[in-house]
Amino acid sequence: MAGSTFGTLFRVTTAGESHGPGNVVIVDGCPPGLELSEADLIPDLQRRKPGQSRITTPRKEDDAPEILSGVFEGHTTGTPIAVLIRNQDQRSRDYGDIKDKYRPGHADFTFDAKFGRRDYRGGGRSSARETTARVAAGAIARKLLGQRLGIGVLGMVDQVGDLHADIPDPGAVTLEQVEANPVRCPDPAAAEKMEQLIKDVRKQQDSIGGAARLVATGVPAGWGEPVFDKLRADLGKAMFSLPAVMGVEFGEGFAVAHARGSGHCDTLVPAPGKAPPIGTTTNRAGGMLGGISNGMPIVLRCAVKPTSSIPQDRPTVDRDGKETVIATRGRHDPCLLPRFVPMAEAMVLLVLADHFLRQAAVQG
Amino acid sequence: MAGSTFGTLFRVTTAGESHGPGNVVIVDGCPPGLELSEADLIPDLQRRKPGQSRITTPRKEDDAPEILSGVFEGHTTGTPIAVLIRNQDQRSRDYGDIKDKYRPGHADFTFDAKFGRRDYRGGGRSSARETTARVAAGAIARKLLGQRLGIGVLGMVDQVGDLHADIPDPGAVTLEQVEANPVRCPDPAAAEKMEQLIKDVRKQQDSIGGAARLVATGVPAGWGEPVFDKLRADLGKAMFSLPAVMGVEFGEGFAVAHARGSGHCDTLVPAPGKAPPIGTTTNRAGGMLGGISNGMPIVLRCAVKPTSSIPQDRPTVDRDGKETVIATRGRHDPCLLPRFVPMAEAMVLLVLADHFLRQAAVQG
Amino acid sequence: MAGSTFGTLFRVTTAGESHGPGNVVIVDGCPPGLELSEADLIPDLQRRKPGQSRITTPRKEDDAPEILSGVFEGHTTGTPIAVLIRNQDQRSRDYGDIKDKYRPGHADFTFDAKFGRRDYRGGGRSSARETTARVAAGAIARKLLGQRLGIGVLGMVDQVGDLHADIPDPGAVTLEQVEANPVRCPDPAAAEKMEQLIKDVRKQQDSIGGAARLVATGVPAGWGEPVFDKLRADLGKAMFSLPAVMGVEFGEGFAVAHARGSGHCDTLVPAPGKAPPIGTTTNRAGGMLGGISNGMPIVLRCAVKPTSSIPQDRPTVDRDGKETVIATRGRHDPCLLPRFVPMAEAMVLLVLADHFLRQAAVQG
Amino acid sequence: MAGSTFGTLFRVTTAGESHGPGNVVIVDGCPPGLELSEADLIPDLQRRKPGQSRITTPRKEDDAPEILSGVFEGHTTGTPIAVLIRNQDQRSRDYGDIKDKYRPGHADFTFDAKFGRRDYRGGGRSSARETTARVAAGAIARKLLGQRLGIGVLGMVDQVGDLHADIPDPGAVTLEQVEANPVRCPDPAAAEKMEQLIKDVRKQQDSIGGAARLVATGVPAGWGEPVFDKLRADLGKAMFSLPAVMGVEFGEGFAVAHARGSGHCDTLVPAPGKAPPIGTTTNRAGGMLGGISNGMPIVLRCAVKPTSSIPQDRPTVDRDGKETVIATRGRHDPCLLPRFVPMAEAMVLLVLADHFLRQAAVQG
């Protein structure tokens, strides 16, 4: 596999570069009979778009999706759904510097090492622009999981630099709370400070990292496979496939390194009304045991690095390995986190949709 | 896919339960002409075995591997290599409690939720016993990568509870340093304290978590695919597929949440003698950019929870969801980390072997 | 997998219906550095198009391909190549009969049985229109295999009804000979009779079957995998995945049922200049032994049924299983064979491109 | 994929050579709760074994299967089922001639061209011995499909050389009729002549080809995927993956080349009691339309070449491409067809089990 396909039964294949004609996604395996139109894709694509606020880059991407197949009379037919999102701004520009010099922290050098050439316009395939295709596919998964099973997936920023949000119950946060501020942090006090910090960082011609939390509610017990395709493993892969993710943790995460077994284990208790009628008192495991969902909310957290594109001159090398200096042009997010949220939600949704179908096949 | 196959071209399929006849692995896609015998598998299997020291469980597992195919006249033939590792101790025992009650922190409940039944003997397929198959496959990958490319993969414990090791240059640590103490921590002073802590925890009938670092040296630039199958993503999945892993981070990891772009980026510099002749001054990225290897050591770190099997009576529920109390019998590791090291090395090796072959196909 | 992806390393995913907005194909895994533009796709798409002669349906399909990604500065970049071929004629029509009645010999009933609904416009996804996507992908494979290895793939009609062509050496036939007549039969005398037969069949408001031969020259020895993914098996699947194919045979094909071992085996002889320098005196095996290519031309043959769309009233059932009568409207090919040739070539090319890359990975 | 895995959800991976320690198969994805023991595998393995009659080779293969995993308390658990079938006769012999010379009609040359080396003992991985693993897996699929859905799969020889059997209704043939004679031909008169012909051929130190028909009854409408993974395509691949198969046809097969659309199409009619209540008057299509099952019996036919192993001296080349003469030793089937029947049944069963699970996932 050449790496642009994700999933086994809810199977997503993407193509597209930052400054080519457009990005395409084919979703193969979506069940038939789901009501679907372009309108279902637009909200998540809008959330992913740059230029939504003063703390994200004001680049213009129109992101109007066109469904090319797999939908008939307003419903999915069970055949592959192709979605095209054209790139707006394909004018020929002067990319001179990026063409021959390697930007530090970017994939310019590694793409050349891999392929011997690269589409250097705006990062080409390594640009976060490719996540439009993922977000479009994720919106289909969201509708499927929401309508059929009442599953909800929500992301939220919980750290920017040294600022931490106070989110007592991530599973209870609403989309409205997340979207109430440009940082996408449901703690309004923290959000305000984070917004100010991001503005300060931008003024300093710098960028800053952070972390986001993702929560999936309504996932029934039993999803995920015992060994390699644990739900945790597929979610971990999904998160690490996103640009700039340097760490992923589930439930208590890295804090388990300090924990004792007597304190860490979630106690199993009767949960009348659930099927099966079993729950846990706490959710330190993050909703999975042995990599299989246990019916509790799935909770994970991602660390996202500061964007490497900062408007400063920096030393680097050119294609021949000679020392040089590069200046990054263009406008870039000083903090990736707000726009990371819908991208990460999309990947969680794709993993869940896939395991939904996989579990449907277990008993035959 | 039902979840017991891993990899695209270096393709590993496992089967086996804790207390069934044995564990089997089929490695399909190993290049022909590699010198190989059972003797190559034994060292890693020995490292994985319980009962090697006073701080791991004294359970007896013999772990003698038998190569059933794919090797002829002492060399691999290019056809699938099957390895069988029989389980030693299959006596019929009284598993009464585990049969009907769910152990907290274990996959008993989730297996039942998934399959409607489970092999409850010693955890069945959810037991860490299944990692023997991974370790055997990893030993084949180790030989391939070592002989052909000089790649080395080494794991080491760097945290147990609140004790942190001081490992200034993980890429310079040797196998001998790791194996010099039962904790598998290359910092001797820390190792001694960790060993004492683990003994104390055992006396308290408790268990404790920790973290391990993995380093791969000699990986050339260019491995990994641009979007979903980033090397980072496949490594992340590999780690999260191992039992008890709750967090994974690459390079600076979660510390990037605090970082500025101006400080985080590794500066590209000439590296005469390398192919291509480019390196970085620092390795905060952990050896990958855009998910593709950049020729620097690949560095990652995993958080491992304290084992849930502690010899204390604990409240839980039975299969019918009724409250009950369960006592864990048998002998279990008070700290999983020492034995986690060879398991994690195996998974890193499998990912690298797969991307080695994938990269070989890129240009056709 | 939901069935719209083909290949392991040269990986093709298609989407699209007969009367939706368009057909899309994503080719993932094409090596970088291949000169490519839309102009390379047009010849094969033109050959596939209806309305090229008096013996194919005069339906209008414009089939102008647009490359959306994966090509930069006139060359492939190694990232996925997406191609969009819009459908021209999407006017809303009266599909009343097809909507509620099942056409005999078509997939109307089986799509409903599978999905519970279907896009009934012109056959939807079961229409041969979907093969435009395959032909576009095949044209990319053709360029890759031709430029890198000198491999050529050519199809030809060798039977229509009871008329058989005389093709003494299929491996020596040229594209010009095939394209010299509308039947795509390189035996001019037979072609003339076949053309007349097809015209007669059309006048009789009927359709007729036939057979085509495919030849691949220049394939080196060693392609194909030993057991399930034999080159023969993947070619067989490829052919049977095309509409209307009811039989596939390699080399001597069904004639082997009559053969003796003493007479059937091709004798191995020295072949100086080849690498390795070994050939066979005859090619009864069709270019493969044990499912792996032996350096001789790969020769196969497909039986194609008469199209089920004939302009006659016929008894059938409706969606409720009640008896009714259906009349097929629209204009359809009275013989599928001439247009089958480029579709079948495309599938052979896709299989070969995939095994080219797979073989490149064997030694690592 | 390295070619030893088959299927998407009912996923079979095999390993093993003719004269190595044994053959192994891992079946991943078999639903839990199926009653299963070694006794279920033995009948099909016995049918595949050589030495069952005077017209098959008297080689001794014991073929006692051992289930190593995935079965607990007499039932499948949903985890992978590994089966080991040890090879009996592994004495070191003199394989001198085969080691350095290429047998005509065998894969000796192509394996060397592919891998640069081969296990030459008895054909190694290219020996039909590897089909024991397939037959064991097929027996599991047989039990699953039989118990859950009442599906039956039966093969029968219908041609040996110029002798054709008269089988008016292949769907009505019973296992008893097939097993009533050593040829596995349900037409007793033809069987007798075929047996005599095979004996004559053996006396002439020669071998002979033939054909077998396979029938699957009870397959519901709706299995198979629209484009590449048509049920017909996967069955075609399955058959061509078996040794010696040179042709495959469904329903009317190659006869469709002569057919008219008016005569070929099966007429759809009400079929009260079926779900959905629709059938066809005839079954020229062989049980599929658009590659998706239509509820009628699935009927296919395979042409099998005469074995290339005949006890005659024949000209060939050695590894260096120099002319030489080779003598085939050992005892070989003068006609592969009788033993082909259980192998082909196994492959049909594996395809059906896979599409059973795939269809279970379609609606989620």
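For clarity, chains are labelled A, B, C and D in written order, and residue numbers in each chain start from 1.
The working rule: a contact is a pair of C-beta atoms (placed from the backbone, for glycine too) under 8 Å apart; a residue touches a chain by one contact, two chains touch by 3 or more.
Every value quoted in this text rests on a predicted model; they were computed, and no experiment measured them.
Enquirer: Using the touch rule from the top, work out which pair, A-C or B-C, shares more C-beta pairs.
Expert: A-C
Enquirer: Let me spell it out: compute each chain's centre from its C-alpha atoms, then which one is farthest from chain D's centre?
Expert: That would be chain A.
Enquirer: How many angstrom lie between the CA centroids of chain A and chain B, rounded to a whole number?
Expert: 26
Enquirer: Taking each chain's centre as the mean position of its Cα atoms, how many Å separate chain C from chain D?
Expert: Each chain reduced to its C-alpha mean, chain C and chain D end up 26 Å apart.
Enquirer: Need the CA-centroid distance for the pair chain A / chain C, whole Å please.
Expert: 39
Enquirer: On a C-alpha centroid basis, what's the spacing between chain B and chain C, in Å?
Expert: The separation of the two C-alpha centroids amounts to 45 Å.
Enquirer: Check each residue of chain C and list the ones that touch at least two other chains.
Expert: Residue numbers touching two or more other chains: 1-5, 8-9, 14, 29, 32-33, 78-79, 114-116, 125, 226, 362-363.
Enquirer: Going by the contact rule at the top, pick out the chain A residues touching chain D in the complex.
Expert: Residues 8-9, 29, 31-33, 78-79, 144, 148, 226, 356-358, 360-364.
Enquirer: Can you tell me which positions in chain B touch chain D when the two form their complex?
Expert: My answer: residues 1-5, 8-9, 11, 13-17, 20-24, 26, 28-29, 32-33, 66-70, 72, 75, 77-82, 84, 114-119, 121, 124-125.
Enquirer: Residue numbers of chain C touching chain D in their complex, please.
Expert: Per the stated touch rule, the residues are 1-6, 8, 14, 102, 104-107, 109-116, 125-126, 130, 159-162, 201, 206-211, 220-230, 232-241, 243, 245-262, 264-272, 276-278, 285-286, 288-295, 303-310, 312, 314-317, 321-323, 359, 362-363.
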